[in-house]
Structure formats: structure tokens, C-alpha cells
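What follows are several structures.
Shared between the two complexes below is chain A, which pairs with chain B and chain C, respectively.
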Partner chain A sequence: MSITEPLRHTVPNRVIPVLGVLALALVWLLDLGTIQPNRIVPGTGHGLLSALGWTGAGLVTGVLLATTVLSMVPVRRRYELLLGLIGLSLATMPLLLDVFAALHLPEGSPYARSSVGAGFWSLLFLLSLMLIETLGRLSARRWLQLMLLVFVGGSWLVFLRGEGLESLSLVREFNARPDKFQQALWTHLALALGAVAISAGLAFALALKMIRSPAWQRPLLGAVSFLQTIPSLAVFGLLIAPLSALSSALPFLQDLGIRGIGWAPALLALIAYSLLPMVRNTFVAITEVPESLADAARGMGMNEHQVFFQLKLPLALPVIIEGVRITTIQAIGLTAVAALIGAGGFGGFIFQGLGQAAMDLVLLGALPTIALALLADALLTMLAASLKPTPATA
Partner chain B sequence: MRVWLPATLLASLLLALSAGMPVLEPLFNWVQPGKQQVIYERESFLFLLQNHLMLVVVSAAVGTLVAVAGGIFVTRPFGRDFLPLVGQVASIGQTFPPVAVLALAVPVLGFGEAPILLALVLYGLLPILRNTLAGLEGIDPSVREAALGMGMSPVLVLVRVELPLAGRVILAGIRTSVTINIATAAIGSTIGARTLGDPVIAGLVNGNTAYVLQGAILIGLLALTTDSLFEALERSWDRRLQSVGV
Partner chain C sequence: MIELKNVSRHFGNTIAVDGVNLTIETGEVCVLVGSSGCGKSTTLRMINRLLPYSAGEILVDGEDITTMNPEQLRLNMGYVIQGTGLFPHWTVARNIAMVPTLLNWPRERINARVDELMTLLDLDPSAHANKYPQQLSGGQAQRVGVARALAADPNILLMDEPFGALDAITRENLQLEMLRIQKQVRKTTVFVTHDIDEALKLATRIAVMDQGRIIQHDTPENILRHPASDFVENLIGKQDRGLKLMSLRPVRDLMANHTEPRQSEPGEHVLREEDSVRLALSVMLWQDLRQVAVFNAQEQETGVITRERIIQEGV
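Let's look at the complex of A and B:
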């Protein structure tokens, strides 16, 4: 598997050409975008050539051909070149929509909107795959990957906020409710991160209990994995009746906003779901620290308290963070489902959009949810990697 | 046979409740007083259960076929170039929330069963693919060499040695995938699939807690039944391995 440094530049890559040819086919076959006279009327699709004209279509085709050829010829530093080319293409992709809107949007019709077509999505997807492949071949460092992510993401944000894309239906939906979007963002983050934080504390206590008294291990792990087996919709549904009974019995709970629907059942369910990955990882991480290391520390005169906080916990931390990563991603997704019981967050846009058959509203909820999950994944993976103990070099 | 007992009991309870929910009417009247109707009757529970199961089984079958075939392809000499990318995609894809995948399928395919099936297949494929790769890559290379040295053809090595050895890990992947898909199919009710999520959604819309409870109980039971079925399957697999002495 290991290809030595000089060889890496001469072996032709077989993956990028496949992706490149596929991208070329899809981008020419599918609609790049659609123009709608208003929100309700179905739009007319435009293929690559019709959408961008000869210059734009030629540019897209040229870039895809260039990546394909470049990945096959033995040029020095071609993966670095490919990284630059693919990264730049990804960052400037919104420009295609900009040109598309400028060419096709009818003058003086304030309700007309442009939307993104399957061809654009395919191009985005395949370019991202090429980027992942190139980064893998370069065995790129994490900070380089993060910088690239920031560069591409930042460029998209700048384009989306610019004037050229005001007609884009996604931007229209956003501009119609900027306050609601911000509120959804905060609700979503507060619910997901709140659940993760609370369950992290709970899980730590449970894991310590399991380590001290091994008789608790089986029942506790059994209970938390039972909770995770029940589908989210069922858990949300099952919590409604007891919580509304509780809040009508105890009026002060109503003042706190605890009712059968809303944030309270959502938070409870999210915590229940987060317990399994958290408890399992914390428990495994702490128990897997070799006893010989603990003995050595005791031999150096550390007491049990110091052994735990100065030796076991730091060594266990990367695995615990891995548990936090799994939990956070899961909680971000489940918070979207919690919108069904009125908890708010981005799921609200998704289900509202599905109800009104307004696909761009669905996107306005789904895309930020995915972005949040990917961001949490990237940040926590980096955190776990940076906490890994580096072997001492003598 | 004792390993199959929990699964059988849960399955009988699930079927009995699906068929005989009206018997519990007094109970639901107590839970949800002041409603004329407390038993969900727009569709029979048995039909919803059957439809829900059909979605999950079809997506698991297609997902398993595609994922195992893909896993085999990228671990053979001619497909090995694709291994890093496929491995990365399998793990990055799993960070996408299932609801978002479900929602994104609607603009592409419209409402109904088709987008749900696509989303379930695509999303359910990832854990199976990941476990297939882990299972096949986890086999000690000397085992493969020994089998080849005995004169077995590469295809025979794959079918008689590698797949049986990786099977237990692949089965665990299918279990994860099915667990996720039962939950996602329930949410599929919001985009027009007829599943056990229907009573929950209808109950939430009409403020009828009894409907919500009926749907939630049946979804929960379905998940528990399936999970204990996989548990039994894994146990009997382990027992067979022990009796062969691996």
C-alpha cells in the first residue's frame, strides 16, 4: 500500500479520472439551474450550455478535463496542483449561479427566482469527492484541511450575501425570515449542545459508578443501549403524555415552560439518546488505561486522586472526546426531528417546507443542519487528535 | 432455542397490539379525555406495520447487496485505488443527519415512497459498507496467503474464507443500518409514506395524544423486536463459530 515519495508522482491516479468523466457527463446531461416566475409555479430548467453560454460551459468543461488529465500525467507536485485547482473551483462555484441568474432572470419581475439544479449539485458532490481523494493522496495535515474548509465556506458565504445571488430561491427564503433563521440557529445549538453537556456530566458519573462497582456494569449499559434502540419519533411521542400530566399537576412547571410539547421533552429525549455513546466511551477509555502505568504512578508516590486526575483522565481524554463527537453529531440530527414536537430549530424549516411543498424552505433547514454536523465533526476530530499523547522521544 | 425467545415474544406482542388496538379503547379514553375518537382508524395498524417493514426490508436488502459488492470491489487488487475514497465517504456520509438526507430526497424525487426508499438505501448503505471494509481488511493476511497456497482460486478464497470471517462484522453493520432505518422510515410519514409514523404525526397535528401513543408504542415495539432478532442471530452465529472452534 505504501507508495514511496518519488513514486507517488508517477503512478497515474485512477480515481480522479473516473470522477471527472462522471462529472462531465452529469453536468452536460442534467439541468444546472431553473428559473421560476414566482414561488409556486414550477420553473423551466436550463442545461449547462443554455444556462452559462459558451464561455461558462467551456470553462467548466475545461476545468474538469484539466483535473482528469493532470491526475494521469506524471508531473512533479501534481497533487498540490490538483488541490489548488479543485479548491479554487469549489470556492468559485457560486459564481456559476451568479452568471446564470444574470443571463436568464427576466428584468423587472421582483418575484422571479432562480434555483439550483441537479447538475450543479452533482458537480458540487463530485468536486468534493475529488478534493477528499486529493487530500488523502497528499496525506494532508488537519490544519490544511481546516483552512481549505474555511476558504471554501467563506467564499460561499461572501457570494451568497452578495447582490448577484439575491434572486436565488434559497437566499430569497432566507431574506424573508432572517430573524427566524437566527433564532432557529440558536435554538438548535442550545438544544443539541445543552443535551450533550448534561449527558456528558451524567455519563461521567455513571461511568465512575460502573468502575467502582462492577455489578452495575451490565444493567447500566443495558439500560442506556435500550434507550438508544427506540426510534426518536417514538421517544418524543412517548414523552408527551407523562410530561403534560406532570405540568398540569404541578403549575410551577408550566411557568418554566415545561409542557408535553416544546423544548422540555426534546431535551429529555436528546439526553437519553446521548447517554449510550457517552457512557460507553468514558467507561472503556478509563478502564483501558494499563494498570501497570497506574502502578508506576503509585510507585512514584501519587495518591489515588492524583493517579486518576493526572494520569488516567488525560490518557482517556481522546476516547472520551470521540464519544462527545458521536453524541454531538447525533444530537444535531435529532434536534431537527424534535421540531415535530414544537422544539424549534432548523427542523422547523424542514417540516414547514415539506408541509407547504416549498422545497427551498426545506433546503434552508436541511443544509444548515448538515453544515452544523460536519463542522462539529471536523472540530471535535481535531480536538481529539490534538489531545492524543505523543510518545516521548528520548 | 432460548436465544429466539425474546424476539418471538416481542413479535407476538407487536402483532397482537397492531391487530387488537381497539380493545384498549378504555385506556386511551382515560389518557385522552374529551375526544370522540381515540383509536387511530384512518389506516389499519397492520397495514402500516406491513408497509413500514417492507420499506426497511427492501432498503436493507438493496443496501447490503450494494455495500458488500462495493466493499469487495475496493478490497480486490483492481479496485484498491478506490479504497481510501470509499472509506472516507462511508464515514463522512454518516455525519449527515438522516432527517436532512430524507428532506433532501424530496426536491429530487418528489413526495411519496420513492424518495424515502432512496434515502433509506443510501443512508443505510454506509454502516454496512464501513463494516464490510473493516471486516475484510481486518482479516490476517497470512490466512489469505494460506488459502491461496492451498491452491484455492481468489474467488474461492473470497467466498469460502474472507466473507465467512468478515460475516459477523458485516451482520453488526446491517443491525446498525436497520435500527437507523426503522427510525428514519417513521419520520418518512412527514413526506407521505404510509408507515407507523402516521398516527404520531396525525396525533401531533390534531392534538390527540392517544394517536401519538399508539404510533409511538408500535414503533418502539417494532424496533425492539428487530433488535432482539439481530441479537439472537448474532448469538447463534457466535455459538456456531465456537462449535467449529474458530
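Let's look at the complex of A and C:
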């Protein structure tokens, strides 16, 4: 942070007031939630006041006003206070849905359900942005960020598991198929992370090959770039024919579960897509270690093995991890599409929901996919930051 | 002792080093000097086999270096380069400990050695040992570079324009430091520079190189007095020679000794026995004196040096 300690308390923040006012406007203008008589029929929306009553609406408005004002007045430990306030608000947001369901759900109608409205999503999104801004201003430690994430995530899980939110459409969809959800989670993770792991190993070998024999650079980079340009659906489709031919020719492959559709073509396609960012980052990271350093290392008596493992790899690692991060996020997203060729995962819920025009089922697939991607992003960013060669180089 | 016998290196049609013969005696500082592209760096890098040579042979203590394992050869040769080449992801202490670690010294011995070297190079271990190279000034970083080269007490020190990227004041300080350290450790040193003043100051013998050949190999005084060619004469500066010779000569040579050292109060800028005649003359000219008192290291006045004597015999 360039702002020095005494100044940090006196300079009014400009980001949080904008977000706060925007949140206030959206939460009053948009529907906080809707009540549906059953799964398919469109529901009736409820604004903030109608959804929560005067007490609830007043509380939400009060919190948003408080953050806005607090961010502008020069109080000591202002950002610490803001962090507490915003963190607590985020953690207790499901309580709003709880109250909403209790107030509006008709008694004795088992198919009626409540669902989340645009106002609630806006509030969640804007509060998260405020949290990120506050963390940035505090230049908060990584463990604090992680603890906050665990606290908010844990609180949401507790609320969603609780009785008050049983009527929430998302929870309904989940409760209708808890086993399938768990299976989808594992399939999704196994496919995405498996593809990342395999392509990381492959990319490392390819990058080393390119460094040892420069003649391979152009054709290899060309090939992996070409793989990246094919539309993902086309790759999934293209793999069906050769894989089914292969598996009918070789029966033992069938026993392994390798067929034209299913996990095998999905994994292959995901690996193909992961190769470009992995190979490029690994190659660039290793070749960009200054030759003068390698020269000094050799001159001091290091052999090539030592130069690579003690000098080049440690200096290249943050950039390589960056490649892994990009690839992981991309693979988690693409795995959702792979459901089209029967690979399973959260994509299954999305396409099923689209087919049944059940938006809540789509959300049940989409939200965990987004959450996984964000989680992977956060964890790998932290890993890369902790591997930075020195504290002095920002 | 390092011997280069008729060593050449060409790539394609260009000749980088052309039939170099050079003997560097044990404990002497041999400075290779010349303009850029004259082959001085290439010559240095052939001695530790970072570059191969096309013809001739190089012997270290009588042994042909091509028969040795290159890593083993280099572990016994300290190597200092321009811009330090320190590992940015290692602390100062770990950088200095590099070669001892490669040689599998026990931990305590390495730690003791790192402390010893940092003290020798005027770096406070408690303040700097755990810093990273980027947190040091240019001069400090190059001191660490020199400490790293000396770490495993090698017999030979190879220095490739080590002070080239430093500002004038820092460079001068490090040159003095190097003279002081060299008096203590007496390494056989090959030092590459394009700065003739640096060469005159540090060298036991200077090898002047041009277009891959050695034009003249002699002591600084002989190079100044009898330059072998116009090229050498231009390099040392035709008009400037008198003063350069004076800076090679210590005051001790020309002073009139007192019969007995006297106790007297040395002023703020004292002249010492080991200072150069050039400095003595400069002091006299600036303060408009006919003579100056000379002191020894124990702060005793041991004699005087006169302006007349310098003018008559200074060169």
C-alpha cells in the first residue's frame, strides 16, 4: 500500500460508498425473492419491504448505510470495523431467505417453494466486492483471508442445511438428489483435476524437450495452439468416432470404461485444451531465467542438474503455477460442457435443467461450478504468492 | 600457476583468440586489459572451461584442464562477474555458502565461514546475512559476489569486469578493498577490465590484448615506461604517463627519513608511507607547501618528502 499508516484513517474511501449506494438502490428496486406454487409455474416476486417486513428491510438498509458512512468518516481502525461488519453481513445473508420463507410460504402446500431473486444476488455480489476492497486496503494477511472465507462459507452451509431453508428451490432440487449431487461433485473434480495433473506432467516434458532441442519449439507450440483453436464441442464430438472404433476393436478397453462417450473422450479433450497455457507458461518461465545467472552458477561449479533444480526451477515456479491456475479454472468450466457426451459432473444438472425449463436445477449445476472455479483460483493464487522468489520483489 | 600455451579459439571464420601465450604465477594478479571484443573475456572463460578452445593447451598447476572434470575444476576457481550473478531467490548468506554447500561442508563450518567472509568484506553479518540481493546496494552486492567467490578458499580467482557496473566512488572503494584482501589471501587472480587505471592500480602484471592477441605482458611500470606499440601507448594515454607512474610509486621511496620516529600530532589529512607520490605532490600543490610530513601506521612521524625531490626523481 502506498498510503501510509496515519493517512489511511483520514482519506475517505471512494469505492465502498459507490458500491453501498448501488447495493441500496438495487436491493430496493429488484425482487429479493419469489414464491412459486410448484417447480415449473413462474412465481410472484417480492421486493425488500414486502419480503422481510419493516424490521428486516430496516436492518438491511441500516447495515448498507452504516458501511457507506463508515467508509467516509475518519475513524481509527475504520477498515477493521468495516471488515467485521461486511463479513458478518455476508455470513448471515441466508437468514434473509429464512425470514422470507417463513413469512410468505403458504401452509400445507408441499410443492410451494421460495427462490432467490435478483435483489439478493446483487446484494451478495456487491457485498463481496466491498469485502475485497476492504481486504485490499488492510493489505490483509493470507491466513486472515482464508479464515474469512471459511467463516462465511461455513455459515452458509449451516443455514442451507437448517430447517428454515428447506423450502428454498435450490435446496429442494438438492434434496431431491443428494447422491447424484455428491457423485457429480466427485466426477467433476476428478475430471478437471485429473486433466490438469496429466497435462501438467505432459507440458513439463514438452517444455523440457523444447528447451533441449530448439528445433521442436515451432512445431510443438503450433500443435498445442491448434488444439486450443478447435471449439470444445467439436473436440468432444470428434473424439466419439475414433474412441468407439478403438474400444470395439480392443475389448479390454471396454472393461476399463473407455468408450466413444463418457469420461474417456472428455478427459482427452480437457487435456488437449489444458496443454497450451501449461506448455507456454512452463517454457517461457524456464527460458526467461537470465542466462547471466546460469553462467555464474556454472562458473561456480554447478552441474546442469544443479543449475536446473536450484536455480531455474525455483525462479520459474511462480509463473508455472500461474499456468496451472489458468488451466484449472478453464478445465473446471469446460468439464461442465463435457456432460453433453455423458461424462457426468455438474454440467449434467445444467443440461437437464435446461431441458426441463427448471432454472433452479440449472443453478444447482452452475453455482457449484462457479464456486469450485473461485476456490481453485484463490488457493492457487495464494500458492503462487507464497512461492515468489523474494519478499522484496512485488 | 596458470599457463596458456598457444591457445586459439575461432568460430567459423572469426578468430576470437589467436595464439595466446600467457603464464600467470602463483599469487600474482594478472590483469587482461583491452577494448571490448578484444578477446579478454573469452580468454578468461576458457580458463574455467565455460568456453572450449580450438587449439593449444591450458595448464593449471601443470595439469591440462581438459583432463579434469569441469565442475571439479570450477569448484577450485572463484568466479566473479559484472552484475554479480547472485541468485535472487537466495539470501546473502546462502549465496555466499553456495560452493561450500556444493562441496558438502558441515553446516557449522559453512556458517562460520560465511561470517568470516562477510566480516572480511566489511559487511555486517547480523545486518545483511538474511537480506536478499535486491535489498542491497550495487557495491554491497558486488562485495557479496566476491565473498561467494572466496568462500571455499579456492587457489584461483577469475574476475570478469567485476566493478564495471559500479559508480566511480564505489568502484574505487572496492579496488582498495581488493588490494587489502589480496595482501591477506594471495590468490592467483586473473582480472579482466577495459579500464587501464584499474589495471595499473591492481595488477602485478598487465596483459594488453588487441584483436585476440596479447600485445604486451609486463609490470605496470614497464608498460608505462616502455609501451610495446602505438596501441599500448594510446591505451595508457601519452601525455598522462608521468602522473600515472607517480601513482605507482609509494612515498616511502622518496622520503627523507628522520633518524628516529617522532611523536607528533598528525593533521586531518595525513600522508602515509604507502600513499603514492602523486598524492603527496597533489597535497603540496593544493596546500602550497614545499614539504610534507610522512607518518607510519602507528601514527608516528617517520620523515618528510619534499617537492624538489619529487620533481627530480618522481618518475
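Heads up, the rule we're going with is that the second predicted complex is superposed on the first by the 387 of 394 C-alpha atoms of A that agree within 3 Å, B and C clash if a C-alpha of one lies under 4 Å from a C-alpha of the other, contacts with A are read in each partner's own complex, and residues count from 1 in each chain.
Just so it is clear, contacts are C-beta pairs under 8 Å (C-beta built on N, C-alpha and C of every residue); 3 or more make two chains touch, one makes a residue touch a chain.
Since we're looking at a predicted model, the values are computed, not measured.
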Just to be sure I read the superposition right, which of the two partners does A:T55 touch: chain B = first, chain C = second, or both, or neither? neither
When the two structures are laid over each other on chain A, which of chain B and chain C touches more residues of chain A? B
State which residues of chain A lie in both footprints, the one left by chain B and the one left by chain C. none
With touch defined as at the start, can you tell me which chain B residues reach chain A in the complex? 31, 80-82, 84-85, 88-89, 92, 95-100, 103-104, 106-108, 111, 179, 182-183, 186-187, 190-191, 197, 200-201, 203-204, 209, 212-213, 215-217, 219-220, 223-224, 227
Sites on chain A touched by chain C in the complex: 292-293, 295-303, 306, 310-311, 314-315, 389-393
List of chain C residues in touch with chain A within their complex: 45, 48, 50, 71-75, 77, 79, 81, 83-89, 98-99, 102, 132, 134-135, 148-149, 158
Contact footprint of chain B on chain A as seen in their complex: 1, 13-15, 118, 129, 132-133, 136-137, 229-238, 240-241, 244, 260-261, 329, 332-334, 336-337, 340-341, 347, 350-351, 353-354, 357, 359, 362-363, 365-367, 369-370, 373-374, 377
